[in-house]
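Below is one structure, written out as structure tokens, with a few remarks after it.
By written order: A, B, C and D. Residues from 1 in each chain.
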Amino acid sequence: MEEALLTSSAAGVYVICPTPFESDGRVDVASTDRMVEAYLKAGATGLTILGIMGEAPKLAADEALSFARQVIATVAGRVPIIVGVSAAGFAAMSGLSSKVMDAGAAGVMIAPPSTLKTDDQIVSYYADAVEAIGADVPWVIQDYPLTTNVVMTPKVIMRIIEQSPSCVMLKHEDWPGLDKITTLRRASDAGQARRVSILCGNGGMFLPFEMERGADGAMTGYAYPEMLVGVVNLINQGKRKEAHDLFDRHLPLVRYETQPGVGLAVRKYVLKRRGIIASDTLRKPGPKLSPETIAEIEWLMERIERS
Amino acid sequence: MEEALLTSSAAGVYVICPTPFESDGRVDVASTDRMVEAYLKAGATGLTILGIMGEAPKLAADEALSFARQVIATVAGRVPIIVGVSAAGFAAMSGLSSKVMDAGAAGVMIAPPSTLKTDDQIVSYYADAVEAIGADVPWVIQDYPLTTNVVMTPKVIMRIIEQSPSCVMLKHEDWPGLDKITTLRRASDAGQARRVSILCGNGGMFLPFEMERGADGAMTGYAYPEMLVGVVNLINQGKRKEAHDLFDRHLPLVRYETQPGVGLAVRKYVLKRRGIIASDTLRKPGPKLSPETIAEIEWLMERIERS
Amino acid sequence: MEEALLTSSAAGVYVICPTPFESDGRVDVASTDRMVEAYLKAGATGLTILGIMGEAPKLAADEALSFARQVIATVAGRVPIIVGVSAAGFAAMSGLSSKVMDAGAAGVMIAPPSTLKTDDQIVSYYADAVEAIGADVPWVIQDYPLTTNVVMTPKVIMRIIEQSPSCVMLKHEDWPGLDKITTLRRASDAGQARRVSILCGNGGMFLPFEMERGADGAMTGYAYPEMLVGVVNLINQGKRKEAHDLFDRHLPLVRYETQPGVGLAVRKYVLKRRGIIASDTLRKPGPKLSPETIAEIEWLMERIERS
Amino acid sequence: MEEALLTSSAAGVYVICPTPFESDGRVDVASTDRMVEAYLKAGATGLTILGIMGEAPKLAADEALSFARQVIATVAGRVPIIVGVSAAGFAAMSGLSSKVMDAGAAGVMIAPPSTLKTDDQIVSYYADAVEAIGADVPWVIQDYPLTTNVVMTPKVIMRIIEQSPSCVMLKHEDWPGLDKITTLRRASDAGQARRVSILCGNGGMFLPFEMERGADGAMTGYAYPEMLVGVVNLINQGKRKEAHDLFDRHLPLVRYETQPGVGLAVRKYVLKRRGIIASDTLRKPGPKLSPETIAEIEWLMERIERS
């Protein structure tokens, strides 16, 4: 398949896709298609699949590949697709990466393993990872210390970008992370570092400020992705107040959805309630929503939809 | 001094006090008094000092004690005062605890050290801690896994409450933590556990829901504590919508202030801007606010104060 | 294939097999066969493959399966084979487990993921794991906190054994861990817990004492497995002094081989020098032995072989 | 008091002193004197007190200071004394440091707090620490990742040495750590880094090799410190075989004593049995030796003393 590859000028909203399951745990093919169309309709400029919030580690290798192929086929080139290929070893990473790139993915995303401790270990890990996937595959650094326990300074990120011309994007979800964006942008503006795309994750909790600090957009999976698209567009149009107003209306649910562990269950519940996926099933191990939690989500949804 | 001791019926808002420093790093005595009065005026039903957000580990033993004595003297019995006595060892914990109780504190608060791993280790640590401070000193469990790395299940918390009659309160700041409140309240309602006060921390990020789940109030240090007081009162009055409306207006800043590490610097900046403390100095090691960060705080303050 | 299944009466020395690679990183089929024969000749009563020291996470799914099938075919029923099936998710675990059991493995081994924190989380994880592999597959708990960061108390281990009749063995490599063996054995002797086989890992660093505390043998991969076999046999024959004398002669190299990270490289070097495998290649990421390290290994080998 | 300050030419064996307690937990003054004399008689060229193995965090501030003063008075200038001043904050560190230096200590030792993650955080922490203790106080980097969770690359250590002329020693206890010594020595030999003293900890587990890699001696607390002295001297005299023979006779107990947590209890038991301290009491939280453990220690002592 002839697809465009991911470049460092990527911008907008790359929606992090959950993997929809049927209530018995099988991948839900029909919901997958419906979800993809819903995200495109919401204004997604790209999709990211098989990430941490896509329950990628819970899929068998062949399930992951089938899911990726289906999404790529459904999107049919309308937007670029990034595939998470983080793995416990380079053989698995390399295998998945080459298969999804062959299938038409635009690039891959790699999070560091939690065993990395020092700056040099991180830089060296990414050198090995690039060797594993091949220097011609565009790829994204996932910087998510809350989950990975790996803290990357701006200097480390710049060393990785420097050593690997195929690194085209930073998925930024450090916390706190706003000054990191400023530092990276200042460095690329001053010609001290190559400029890569910065898309922000972390549930979107700081999206308006992240845009103002120099991010190019969002890569996260909030259950109303049209809000993310709206905020990115408003900021790009210089409508600061409107961007924050829109964002703040959603912040109560954004906050609720970024609770570690339970957040994905919340997101899937909202997507189900919005008719986007058929079931909010998570594979084990995963939390079950209590009746109290469901009532709180309903309350939050109602307040958003009324406003 | 004759002061009332903390009991399990404590409720309302116990404001977590930062320790004000002058710009050269000395404890700022005048700001301390002004801050205490401001918190009482805002409706605090208690104060908590020398906690993690009070930079307690950065104070020398004599500084900590002087600060505690000053706050206790200023409050002069108007509300109970809880003193954080978490320490690397029981000798230091015991020493500080007995001195502040003698000085008129209502109780002490103890966070678990990050070395604890198993359920039994946690329970046993608290047994030793109670032996160290004495069984007659009312005390608070601080359950804050994001910082301590110690995860306490409801079952473990109930074992601690069961083994120590002098444990009168849970400072709840697990994340996610709403179902934990429900579980603990259901157990005490069913007579399976002693009922202790539950005050919620975590910057107040979930306060209205926490109240609805059965918490008795907040113990956190948001820079507009009158909002915390308002939310607690509104929920207690059954005014759910008004409580959420008030809370949601502040949520953008609450979220900004709960950024790990930089959050305390944000809080001190707002307190300075509100005229409550003279300087936003943190002792080392601590972050410095960038100009961009300050501009964002100003933006958030303006939106709150306008609304 | 009709093979005997692993039972709780397993004893002796189950050698942890490294995965031999050619210098270009491919699995070395010829060395695999030679290694298997060498281990059987050394007196192994079982083999364990695809464990942490087998670089299992660095193998692609099909490589892992091929390797397992080859070892099973080579052994041809002479001793039971345990296959490590620890995985980031239950789909992968289940897939590998059913394939190797079909191929003739005697049982599987499961280490807990480092995300588990509380007692209940650990117990619950193993319930889910057993559901994933099927209740008819005999399996081994791997208790290795130094690597997994998961600390299991004896009580937790007994809960897991209690909830899963198909759990037949504990691979014990807690550190310190001697009293844990005593506690578990005392409980099973007193009828408070089902007796499972306990084989000890951790490089064999405490093997004679572990045997004396009630272990049934070793499951580790020291490069002179005949020493492990000798110690186990001598202890079983009541020859305490001879057992310790034999062990102590090897302890300098045992200690050298249990250095985290570099230990496997040391082990592979010794196996290569002894003619058991052709190359000491590790897959990335993995350490390279310095000339100084090699000289130290040679010194230690010489002292052992001279004694 | 006029005492010599610690310099980068320090060598030999600095014995890590436990803090002797009476059975009721008070500091045991008489045992302290006896222990100091025993260590000097064993050939110690220095003493280190109030380290991790000195249960320093379990002492109240005044107890720690009294203990330090007593040891300094007893030693009376015969050898230099290093005092551990690691603390949760710089105020406490600075206070203890200035008091013990006034009392006649030769230098202080500082371990990094477990919250440090990146290279720059570590380097910056030590800059702040030096500011806290004063640039005129000679000090020691404690590099002990197994306990601190902070991994320092050779590059980071060299940056710390470079930025602080008062840093005169590395207490090396990384694991694995032999190549780190070689790297640091190669750098100082090549003039790329200032040469500081390297004394090795980690219970002495690799002492002969560490000496051969370029260390200047040991700083650890094995209960037969005369062995450490012997090994250091033999290596310095070029008697490699004799050094290893001596070391290997003790290795079974060295290994037993380096078990995390229980190791200090083992060490105190042996010191008590050797008549050096009166009680093997540890302050809480601390392990209790089981009868089986005591029998094993006795077995190991007997084998050493017979040989």
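By our rule, contacts are C-beta pairs under 8 Å (C-beta built on N, C-alpha and C of every residue); 3 or more make two chains touch, one makes a residue touch a chain.
Treat the numbers as computed from the prediction; the structure is a model and nothing was measured.
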| item | value |
| --- | --- |
| Relative to subunit D, chain with the most remote C-alpha centre | A |
| Chain pair showing more contacts of the two, A-C and A-D | A-C |
| Whole-Å gap between the CA centroids of subunit A and subunit C | 38 |
| CA centroid of subunit A to CA centroid of subunit D, Å | 47 |
| Multi-chain contact sites of subunit D, meaning residues that touch two or more partners | none |
| Contact set on subunit C toward subunit D in their complex | 175-176, 178-179, 182, 205-206, 209, 213, 244, 248, 251-252, 255-256, 259-263, 290, 292-293, 296, 299, 303 |
| Subunit C - residues contacting subunit B, complex | 117-120, 145, 151-153, 155-156 |
| Touching residues on subunit A, where the partner in the complex is subunit C | 55, 57-61, 63, 88-92, 94-95, 114, 124-125, 128, 131, 283-285 |
